[in-house]
Amino acid sequence: MKITSDHFLEHADAALADPDKAQRRDLLGLFMPLARDAAAARYGDFEALRVHLKQVRRHTMEHLEHYLTRFEEEALRNGNQVHFAATPEQLNSTVLSICQDHGARRVAKGKSMVTEETALNDHLQQAGLDVIETDLGEYIIQQAGETPSHIVGPALHKSLAEIRQLFLDRHDLGERPLEQVADIVAEARGILREQFLQAEVGIIGANALVAENGSTMLVTNEGNGDLCANLPPVLIVCTTLERILPRVEDAMALQRLLVRSATGQPQTSYTSFYSGPQRDDDVDGPLETHIILLDNKRTDILASDYSEILDCIRCGACLNHCPIYVGVGGHAYGWVYPGPMGSVLTPLLTSLEQSNDLPNACTSCGRCAEICPANIPLPDLLRDLRQEESQRQLNSPRWRRGLRVHAWFLRHPALYQRLSGWLMPVLAWLGKRRGSLRTLPFAAGWTGTRDFPAPEGGTFMRQYRKRGKVRRRRG
Amino acid sequence: MAESPRSEIMARLRAAAGASASATTPEQIARELAALGFASAAVLPAADTCIAFMANVLANKGSVELAADRAEAVRVVGRYLYNRFRTHKLVAGNDPRIAAMPWRDAGVLPRFGAAENGDGAALSYARLGVAETGAVVTWTGRANPGRNNLLPEDHLVLINREDVVATLEDAWLRIRQELPAGSWPRGINFIAGPSSTADVEAQLVMGAHGPRRWHVILVGATPAEALAEAKVLTAATGP
Amino acid sequence: MDNLKPKRKRTRARRDVALMVTCLADLMRPSVGFAAVRLLERAGCRVSVPDRQTCCGQPAYNSGDVNAAVPVAQAVIELFEPYDYVVIPSGSCAGMLCQHYPALFEGEWRERALALAAKTWELTRFLTEVAPLPSPKRRPLDAAVTYHDGCAGLREMEVKQQPRQLLLQQCGVEVKELAQTEVCCGFGGTFCTKMPAISSKMADDKLDNAVASGARLLLGGDLGCLLQLAGRARRRGLELEVRHVAEVLAGTPTGPGIGDPRR
């Protein structure tokens, strides 16, 4: 997917200027955290679960080669073909060649952020394949020619009216009311049912890979991923190295955290473990199954100080809890993954040069880290990225100079106090009538949208020192 | 010549892990993992496993009926089909347990095999029920082809009282017992609700792609009060 | 500046407390510093204000210039080492000392940073948990009050009930809670000037909730947030008085609220 993260600020301004969409996001930011909190509270010891999965994750990452090898062995034993892809291009070309080997023309896809990352659809479509997204949200944005605005609810930015118009334009089904959400769902169901039945290849992602038995866990409410995994004669699972967990029980622990954090549900409708092609006892299911394990810089991240981001389970809770994501929406972030997790992943998976605004789109409020089911210290990782930005001099030279001058003054307290003791009364005098200043030289970043509250007068240190002297004389 | 992606990735993993991790033996890794134990399960809404199971099925937007035995289960299914579809047609996998049921007593006409597009109702005999999540567990094979869970309008599931376990860990313990190493099925499915979506306006709609209704029939001697209690619990905690 | 150094002679009951004023209180709102001194003395503490204090170094640290933050942190550690307690009228600066200084160092300096962290307190927590304020002998404050929880105070320093408890005890005021009180106000240090449009949207949400609460007086424990909220409230022409909680706890304030014209 083409990255436009370097235009984050322009995207954000445009998003903030659209009151209808802004209101939809505000509602998301209000209700999703309430749903998540209620689900976590009902669980019992949710914190213990979070800590447990973190330990299992860290253990798995430490021995990733061992578990990956084990997964591969078991998956092969189950009759899968296992492919490794170091780069997005390798994943895309592997998928295409599988499709071409079978003379496939129609591909039905379940929701997969990995294939968003590799822009698989573009690749397949350029080769003449008919690729259809089957998750309702993904289907809607595919029809609209858009990208996901949220990793769990990709089309939540669109109104019913917009989707209605989109369906009327795109589906040649004659006159119909299509006024209720249920009408939209029913129409998509009818169209997509045909696609499931006709597709020669199904493509799904995986929420976890189980090393002990080589199976992949798929968690959905719609059941679209399961239809992709059961109906077409060829199944391709596109996934990444860090999805691996040792045991089925570990995958279930992840699922417990995932569903509650993502939607506030205690359980999704379908949690499935798929292990390979049809067995002797089967009367349906794919005849051939492939698993493609993508690296795309995960091994670099594993070796870096950012390895904890590999614990991310893609629940989207940090998006719902981030006031900046809620403020500007997913499209502003300019790539596949938005919000706090995206602001860490985008620089690491693309380049910091193209996306250095994202780690700055953070107030370090800590709300994401507080609720992250994978216990990822997101604000710390974002600060580390800002440090890298600063070291590599990617931020503006004026910023760096300003900070350096400030830090220099802090190390020279006498001078700092003398200068501030002189400057603050001047500012106080300037603002004495209104109590605040509407403009201030060199402070347009502040005064563009806010008044600058005038200081009270002399600094505390100067006043306190004076009072101390007075007291001493009296004593 | 370029390395294969596999060896390239494995080499990078080895480098990332460092010397100490690479030197760890599989036995040590297994011991480390065993020491981590399993997660704590969700609190059950009721002390009685079957009541908790029914309460969670209801919370998952499923419906529940009781049947004292298989003969009554046949009548329950027959009544459901008539009320919903005004027919007695049904598709079910080649599950010996389903085949052995007295379907003719209720005039039900099961077709045994895989569900097709357009089928109204499919019946599965679940292997397990999980109280913690209100899920039933099926696995793919002749007894329950994968598509039978997905294609029909309504999915009816029979589950024996004694097959309801408390937690997901208990469920996996049972699955491991019933499926010894090497006999792993193609798919193991935890089903906990009708097919649903909230992708449009965050409004929950049933029947996104698969079943619009999910009806669970608990087979065995369960007092009617237990179901009543489950309904009260679900109403109290809300969806 | 001898009078600013700690007194060596100790009485058992009096705690030697060093006040870290914070750069924003020092520069923008000295009355917060004086209020903190009064409150600590009322709680029976011997208060010192170490001279040569400037700032905790957060601007550089949060902007990614760790190299600049390290010497600032070292200076703060050295300056405050001689005291029993360090009290700060800001959750954000307290969080910097307690949570982030130790992460800046290894070895001996890390030990010193941890020792400083162990005795550093946010003001309202100190006044409820370490040196409780005596019951006041004054009239209750007659104002509808709401409270903004600064994020660092809330999440790094566990400040939540303490300011509410103090407001009830000292001023007889029950806080009218903000909707979404645990959401950030958009200050975020340098964030507010790097991304002013987003920052102001966040401030607007907070201010709208404050107005909806029916309060006339918006209090908080962090001047950064309060300058942001007051600055945006003034720009929007909202009738909302914004103050640091210490000002109100120390006695009925006489001066104007933050950013308000002089009375």
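We call the chains A, B and C, going by the order they appear; numbering starts again at 1 in every chain.
Quick note on the criterion: a contact is a pair of C-beta atoms (placed from the backbone, for glycine too) under 8 Å apart; a residue touches a chain by one contact, two chains touch by 3 or more.
No experiment lies behind these values; they were computed from the predicted model shown.
If the chains shown are joined wherever they touch, the resulting network is a simple chain of contacts running from one end to the other without closing.
Of all the chains, the one whose CA centre sits at the greatest distance from that of chain A is C. We define each chain's centre as the mean of its Cα atoms; on that basis chain B and chain C are separated by 53 Å.
Distance between chain A and chain B, defined via averaged C-alpha coordinates, is recorded as 29 Å. If you average the CA atoms of chain A and of chain C, the two centres end up 33 Å from each other. In chain C, there is no position where the chain touches two or more neighbouring chains simultaneously.
On the side of chain C, the complex with chain A involves touching residues 1, 3-4, 21, 25-34, 37, 49, 51-55, 57, 59-66, 68-69, 71-72, 75, 151-152, 155-156, 180, 182-184, 186-189, 191-203, 205, 227-228, 230-232, 234-235, 255-256, 258-262.
Listed in rising order, the residues of chain B touching chain A in the complex are 4-6, 8-10, 12-17, 21-22, 24, 26, 29, 32-33, 36-43, 56, 59-60, 93, 113-114, 117, 133-135, 140-142, 145-147, 149-150, 168-169, 172, 184-203, 205, 207-211, 214, 237.
Every residue of chain A that touches chain C in the complex is listed here, in rising order: 9, 12-13, 16, 26, 29-30, 323-324, 327-328, 360-367, 369-370, 383, 385-391, 395, 399-400, 403-404, 406-407, 409-411, 413-414, 416-417, 420, 424, 432-436, 438, 443, 445-446, 448-461, 463-465, 468-469, 471-472.
Interface residues of chain A facing chain B in the complex, by the touch rule stated above, are 27-28, 31, 42-45, 48-49, 52-53, 55-56, 59, 62-66, 68-69, 78, 83-86, 90, 134-137, 140, 153-156, 158-160, 163, 181-182, 184-186, 189, 192-193, 196-197, 213, 215, 221-224, 226-227, 229-231, 241, 246-249, 252-253, 256, 263, 266-279, 281-285, 293, 295, 299-300, 302-303.
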